[in-house]
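Take a look at these structures.
Both complexes below contain chain A, partnered by chain B and then by chain C.
Right after this comes the complex of A and B.
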């Protein structure tokens, strides 16, 4: 079954919100495992795994370094080297935060790796979201891969003009400047030309343009979306109501 | 050159009032969330799961950022709007690259500051918030920082509006001051949502303060006050270099640059000569 982009977004967003509200390590791990399994079923497993690792590995390293070694609130000391103390409480706190962040990151990455951007833009436009937001979203997502190609062309052109990138820092900074400046200038120039073309086609007009793309949104998916969002709202409400009076944040 | 259409009707006063209301509500949501978190901060963040604080930080800052986008985006001319994707890509590419290195900086606001200098504080704020929202497609951990990014854009635009980019040496000073405010606003997000920082280098600084016995919130705030002002001073300097390297024609297409004489040699009198 093909999911409507807003259904995928609602499921991924609700998973992130519910795991944040619940703050339960087993639930967070289960959500991460489910999201990873779904990404492999959709054929994007490797992409999701690589993107998740790129975000979560440095983040987890930082969390375990900060809380694993320096947690003044911890009382159960496992090991100690000078000012660094490994405590059970510090490791538990780091594990809880790492799993909670992972449970928010992995489902959202599954969504962004599997969603069709044109379908998402069409779905947002159909729900009254401004064409300007849709333009910025679509243009940015299209520009990210294109910029790599442009950077390669600039680098080749500069190398043809004698640029040699050596290992030491000043050489790298000079090479960065020689590549970054033409890249930014060309992007700004291109944007200027695009503005004239868009203005000539009535882009700044407040009238709603007709969409040529229709995304199917079956009733069961609409019901599912509302149920998922309602569930997330209930969990957040329960969490906030249980936390505020006693001050147990 | 891009210009306002002469044939389209001017926006109705009701629409302008609605946008002003959205701007005020967005700013109130951000300021209120910050005040609530700082004034009612749990005495012991590290003592519990802290998910209620994370939810309040996430929802308050995100709602504020979305309201600001809704207020500002419809008012931007096409010449600014088409530049926003370029700014977002610069933020994402440089931010991802620097974030993966062992440097305690971010450099993830170059595009936002560039737009703010060329198109003003409102455009800068919208670009900062949009940048975090669209970047979250690649890295969902940046989403809670949307309000902080909007604030950086707004402050950079104000610095440009009041002539701090007219003299090259004022740009890093303006960046340093912006970084202090941005760091203070972003610290509760890092503390309550993430329980630390997302990079190893910034984490090492937090560890040092924790080793001295600071609370987690105090340690993260001090780390932000060390990293952010330097980071923004570098970003503002790089943007000053970039805008002065732009062809004069490209700079003059932005009404904000012409109207407020943002850059040396681009004032009203210079433009007509």
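Right after this comes the complex of A and C.
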């Protein structure tokens, strides 16, 4: 079954909200595992994995550095170097936070890597979302591929003039250094020209935009969307009520 | 032409870009009437594109530069004095009346639409046109431009000529009262160019004022009722088409008259080199010189090269699979290309838009590797070799100069990748710029150069490497008469020095002028061109 882009967005967003509110490590791990499995089933597993690593690895390292070494409430000390103490409580706290962030990030990355951007833009336009907002969203999601294509063009031009790029990392880094400045300059120049074209094609028109692309939105999916959003709202409500005096969550 | 009957009128006392000292346009007046086709002729750097962008609302007074003069569109008159109090042009409102297709056709495209059909509909979407009406318009315009079979394709997969047709379609579909086409025939094959002439006539018949900006006197220009000649920012001559000056006067103005400029129209060649001869069969092709290299290997040899875009194709294939037996996959572009290219030989390859000519050229230097078959350069199979290594023997002029130019100055651009001492590199770069007539532009940013000079600069980057094999993808596009002479001379000098040259072009007259033989890429294989 092909999911409507707003259904995918609702599921991914609700998963992020529910896992954040529930603050349960098993639930967070289960959500991450499910999202990862879905990404591999869709053929985008490697892309999601790479993007997740880029975001989560630095974040998790920071969490474990801060809470793993400097957790004031920690009592069970595993190791100690001067003022830095590695405690079980600190590591547990860092692991909980990391799993919660992971459970929010991975589903949203699965969504952004698997969603059909044109379908999403068409779905938003059909719901009266401003053409500018829809375009900015589309351009943002299409930015990475566009930059990749531009970088490929520059790399090919340089290779055609003798730049030899080996497979090993230092060679690739050296090549990228040569491509970085031309890449930025060309993107700026292209953006300037594109802005003129967009204006000329009525992009800033006051008229409510229509959509050439039609996206099917079956009734069961509309119901599903409301259900997952309702579920997320209920979980957040429960969490808030439990936080009040007398709550026990 | 009277003011009353014109839908667009420009009276330019002077127009100066913010970052330039002197005016680009001075003392010109132009009025476009409904239902007419007008040709604005001018060599590279004459101000043609600047005027086109000004009339098309892409260069707005105040934003891009200072205008002193009057612009009038659809009865609304705007006076400019080059001050902060000048009226501001609303680009969207201007575009309701005037449609402009720039020389770089990809600029028009939003590039966030997934298919050609959606890209065509982008402007209509912004106007709130109903889906049913949009589909009808898209089908109609796609049919007129020969894009129907590409409606579900991604714009990023189109060839240069197909992209130009798409850009024209994106503007025509908005049904402007004035249509301005900047070098519209560039990269178009003969059929597409002829179709564009018919479209222009039909639009004019329905009341549209069509303005063609061109540095080539071709069939599109000859379809116009009136012509003007722009030189150094001013209109120096004009009249009805029957009064178009003779070849000598046009060539002296830097215009191209001798070749197709996109496969349409033709008058006899101009600058045939001294070694050019007619073939025994009477064709205009040059005679093949005696063996220059004395090598036992051809300069390049392609054997049964097959290639398909899509899942089966990759940018690089480290291992060659010779003569692999399998079913022909979809999106196959090359179905078994065989070609043997000798040192000193110049071969032209033509074919319809989207035939795979640029794809074929990229196989010579390893930017693309065949799914099956082999590519031998100077007797060595380049399968698995880095393109940068192959580039020592093979130089490629890309179809779009912007794909080739990435440095901050013309001098740095040409010097990139050259080996030797700093002095040697600088001397080689300076010489290459001189060969293409750009010695005065060495410190300019490549993006600031007119399109013709960008093409020549890209050519200089290739020539500076003195490759044994010279690959030129649509080298005449955007070149005016002066630039074309530099190009032809460079090809003949390179061939005389022993370089093998492959030209991909839609310009059949240029092919005949510059090459020893012409081949046609048709249905994925190379066949000899019909005499």
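What we mean here is this: the second predicted complex is superposed on the first by the 182 of 249 C-alpha atoms of A that agree within 3 Å, B and C clash if a C-alpha of one lies under 4 Å from a C-alpha of the other, contacts with A are read in each partner's own complex, and residues count from 1 in each chain.
Rule of thumb we're sticking to: contacts are C-beta pairs under 8 Å (C-beta built on N, C-alpha and C of every residue); 3 or more make two chains touch, one makes a residue touch a chain.
Note that the coordinates shown come from a computational prediction; the quantities given were computed from them, not determined experimentally.
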Which of chain B and chain C A:66 touches, first, second, both or neither: first
Which of chain B and chain C A:79 touches, first, second, both or neither: neither
Superposition-derived comparison: chain B or chain C, residues of chain A touched: B
Which superposed partner A:199 touches (first chain B, second chain C, both, neither): both
Contacts of A:135 with chain B and chain C, given as first, second, both or neither: both
Contacts of A:21 with chain B and chain C, given as first, second, both or neither: first
Which of chain B and chain C A:189 touches, first, second, both or neither: both
Partner chain in contact with A:93 - chain B first, chain C second, else both or neither: first
First (chain B), second (chain C), both or neither touched by A:169: neither
Chain B versus chain C as contact partner of A:212, first or second or both or neither: second
Those residues of chain A which chain B touches in one complex and chain C touches in the other: 135, 139, 181, 185, 189, 194, 196, 198-199, 203-205
Partner chain A, residues of chain B touching it in the complex: 2, 5, 8, 11, 42, 44-56, 58, 69, 73-74, 76-79, 81-86, 88-90, 92-93, 99-100, 114, 130, 134, 136-141, 194-200, 202-204, 206-207, 210-211, 213, 242, 245-247, 250, 253
Of all residues in chain C, those that touch chain A in their complex: 56-58, 91-92, 94-96, 99-100, 102, 104, 107-115, 117-118, 121-131, 134-135, 138, 156, 170, 174, 315, 365, 367, 386-389, 391-392, 394-396, 398, 402-408, 416-419, 447, 461-462, 465
Partner chain C, residues of chain A touching it in the complex: 116-118, 121, 125, 131, 135, 138-139, 142, 146, 149, 152-154, 156-166, 179, 181-182, 185-186, 189, 193-194, 196-205, 207-214
Chain A residues within the chain B interface of the complex: 16-17, 20-23, 51, 54-55, 58-59, 61-63, 65-67, 69-73, 83-84, 89, 93-94, 96-97, 100-101, 104-105, 108-109, 112, 130, 132-133, 135-137, 139-141, 143-144, 147, 181, 184-185, 187-189, 191-192, 194-196, 198-199, 203-206, 236, 239-240, 243-244, 247-249
